[in-house]
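To keep things simple, chains are lettered A, B and C as they appear, and every chain counts its residues starting from 1.
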Amino acid sequence: MSTETPDAALETELAALPLVDHHVHGASADDLGRDVFETLVTESDRPIPAFMTQFDSQIGFAIRRWCAPVLGLPAHASPEDYLARRAELGAAEVNRLLLTASGVGRYVVETGYRGDDVLSPAGMTAVSGRPAHEVVRVERVMEDVAASGVAAADLPGRFREELRRRTEHAAGLKSIVAYRHGFAFDPAPPGEREAVAAAGRWLADAERTGEWRVSDPVLLRLGLWAAAERGLPLQLHAGYGDPDVELHLCDPLLLTRWLKLVEPTGTDVLLLHCYPYHRNAGYLAQVFPHVYFDVGLGVNYTGSRSAELIAESLELAPFAKILFSSDAWGPAELHFLGAHLFRRGLGRALRHWVDAGEWSERDAVRVARMIGVDNALRVYRLEDAP
Amino acid sequence: MSTETPDAALETELAALPLVDHHVHGASADDLGRDVFETLVTESDRPIPAFMTQFDSQIGFAIRRWCAPVLGLPAHASPEDYLARRAELGAAEVNRLLLTASGVGRYVVETGYRGDDVLSPAGMTAVSGRPAHEVVRVERVMEDVAASGVAAADLPGRFREELRRRTEHAAGLKSIVAYRHGFAFDPAPPGEREAVAAAGRWLADAERTGEWRVSDPVLLRLGLWAAAERGLPLQLHAGYGDPDVELHLCDPLLLTRWLKLVEPTGTDVLLLHCYPYHRNAGYLAQVFPHVYFDVGLGVNYTGSRSAELIAESLELAPFAKILFSSDAWGPAELHFLGAHLFRRGLGRALRHWVDAGEWSERDAVRVARMIGVDNALRVYRLEDAP
Amino acid sequence: MSTETPDAALETELAALPLVDHHVHGASADDLGRDVFETLVTESDRPIPAFMTQFDSQIGFAIRRWCAPVLGLPAHASPEDYLARRAELGAAEVNRLLLTASGVGRYVVETGYRGDDVLSPAGMTAVSGRPAHEVVRVERVMEDVAASGVAAADLPGRFREELRRRTEHAAGLKSIVAYRHGFAFDPAPPGEREAVAAAGRWLADAERTGEWRVSDPVLLRLGLWAAAERGLPLQLHAGYGDPDVELHLCDPLLLTRWLKLVEPTGTDVLLLHCYPYHRNAGYLAQVFPHVYFDVGLGVNYTGSRSAELIAESLELAPFAKILFSSDAWGPAELHFLGAHLFRRGLGRALRHWVDAGEWSERDAVRVARMIGVDNALRVYRLEDAP
């Protein structure tokens, strides 16, 4: 450290932090043409309209600014040059370069969303050389049980059993009740009879349509409560996402009553993303000992504005309750930017407070380590993991 | 450009942009006394309380700071000096000075709110020398049809016919369903029978009271759907406005289901103002190809805070989906400040990112042009307009 | 002033402002051990989890940074050193040091929350040498009347009578309907028969359980309307608070219809705290002449982020409608930080605008005085108070 100016300690430490990306999906092993690439760097599920390009957005500019140099191009390379270079290198090399440059030390990978189209946890480890742990999607397990053939009366029990089996080596669970129904649901666990009746309706419908997508609120509550009782850290999508969500129904405050009911189970609840309700999430993380949150996903999509988003996340919540994630899925640009923009934005907020004399630099370094690494290791019990 | 420092390019370009003010009303041709003036620079419809002056507000300070010099006074002139100078010059000269100084290149004028009390589109052109296009207020057309004498059974048809007639040369439509009911309405188009029944109730009431104000949600939905089917760009008031709104019912997220239903018509939907829900609007503009938004009105009323509001509007939405408007009505100070604060606030956000090395200056200039001019020309199909 | 640089006028004036803390509770006269101290510097009512310390939060860092020097320690002292020093000095000296250092000129003290566990208004005056006025909690008066033994039929009348008696010398009233029910209530005053029926149910329950806590919405409305008719300034808890609130039901916008109904009584309504809905409160304060707000409580808990919170509160509301409060209860650190962070954050926002040429320094000083002192003196009619 002798060659550095004293006040560079924070930035040096931040750059070197082996971040735990506590909610991420696999990188894509495929070469991605422009059309596909653009649709993977937006939460819209519509085709990109002809009058625009998704490169003209905060995330598009962030890719050209920060990813281009990782691929050996000048900053602000054109989309055409960027995609040509990407194609020239090939997906495997692009992934290797971007995952390595991210400096992520450990991945906690959710496998429930199109897990076969992207790298598995083992695949992420193979490319990055970093350990990867699995998070299991609750609703996916229920859908698999249903699709495998089960009587309605057996569904609750079979589901709980399968959840136990599938999570034997898992680091946590994830629920997407936000997407499937929103948070305005009855917070109490459903009765067994109620659950079986709902299962009966669902299975009959699904057999008729061939569509095994669980969206009945009774069954979603069955899933949530089974997850809470499983005792693993439980991630909940909250806030911003694709147009399947009705965003105002994904305000985590709507979970208040459920959070109170689930508190005695001792299960930790991790609110993911939360944008634009991250201040609300910070409130929940202050008042409830079992509630945590992050601002992943929003960091990537707000690009040069992400420093403000991160600063807003540092208000009410104790620093032991804030985590880092990228929520990347597919293009490894998302994995890299999640980590890069987080380091940059967190560093900017902390540097501002240190320079204004409000925080000590030592405290700033300590908080960066808590949010970027230590809180996740503790919550997911990975302190002694390989 | 040779006489400029390289990094002044953005500011020079911004200052020269011939902005398209895509949602504005006419300037007032009247001389305005202090009482009237103050009530026109707030969204309150109450008399200004005796214990305060509306000059002691962000917009009041902005008028004294930025409009005073346009009228030949020093910055921060007192309210008394400002209004005296305004009276001395007369409304016509004040309008000429402020509209000219705004640098607006084209007006898209909504004529449905007390249109007879302010300049018409032609009047705006006469004062400013700039082309003006008309936006027709949907509810106004329905009210005119009702007041002109029509049987309930004929109202839906006559309304659609009149809407077509009145918009033959219009650039777009505007709905104020936010004011009349809020966004918590059944998103589906009403059935013809349902609409006729609602028309019957409304016409009977209106004949009795002499008040032709449409607020029945069935009729408002009739208006919205007729507007969407007309195919012109459709503006919706969202968020902040006068105390007629219940602001929490004007969160544009409440439109999510309606936006999905209306998407197949191909009609572009422009969410106006949106404060304090502009981040929510940005989300909708990212995920739905037909959704656009602006932060007009809020820019004027937040004054020296408007740079932050504008920066917050530059998060999720692709840059092709953000527009500029002032929503000015009456005092030409509002027309001028809308443009001036927009240039200033956008410039500050972009300059910050350029100086931090996150954006190229060339991209910043390009985005300023998109938001200030090009997106509106494209959406309203004015590229080849005179 | 001759020894100062001209542009320090704002900071000098701000530091010297005899702030009116218009919503505060008493300081604790007890020596506070670490466990108790930590639970008093969070809105959580749960024990601090073993894996964390509340010192690792914005407010914890603010205590170490700003309170430590007041107690004679270096900035950023460790929690251990800080609490040891606090114990060494004793509660009385700690209170004297912190209340004096706050520079608060006048306290408006709400006595309804565990008033016996902290200093009374007279006790605050004794320690600080500053006048203190009382604000009476509406629900507390109703509960006292009920617990004293009253027939249901007499409760409304006896309550109104007692409210009058208890507020004979009070500066204002406070309602916690936000905590007890949230703001989604019928805005109209309850009928007498309805109120008596609700009182009957409540009294019967309370006699059975021994728990005299009013939460019936009919009785809460009775309280609110009686308070509005009393004519004193009426404070309403809004937004952020302990986990008794369901935060989304404390958005002050949900009061819109009630605010309209209560407007003709001429009673001023003061929305307290409001975080994270302070922008919504600013809107209400712009459009309704009788609505005021502050961002107390949130300022303390956001610590080094409080400057941004304060800046966000300076958007729509006329400057005559914004007040200062700390909402401190217990540790005098909260009383001191409320004032210190307010001066610091307001100063930073105003300095930024003065330096950018948007505000004159004279206006900035004037606005600081309005928000910090004059608005409260006017609303609570304390201009001529001793």
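In this section, a contact is a pair of C-beta atoms (placed from the backbone, for glycine too) under 8 Å apart; a residue touches a chain by one contact, two chains touch by 3 or more.
All of these numbers come straight from a predicted model, not from anything done at the bench.
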Residue-number overlap at the chain B/chain C interface, same or different (half cut): different
Equivalent-chain rotation between chain B and chain A, CA atoms, steps of 5 degrees: 120
Whole-Å distance, chain B centre to chain C centre, using C-alpha means? 37
In chain B, what residues contact two or more other chains? none
In the complex, chain C residues that touch chain A: 42-47, 49, 51-52, 54, 56-58, 60-62, 65, 75-76, 240, 242-243, 246-248, 275-276, 301-305, 308-309
Tell me, which parts of chain C touch chain B in their complex? 251, 253-254, 256-257, 260, 279-280, 283, 286-289, 311-312, 314-321, 353, 356-360, 363, 367, 370, 378
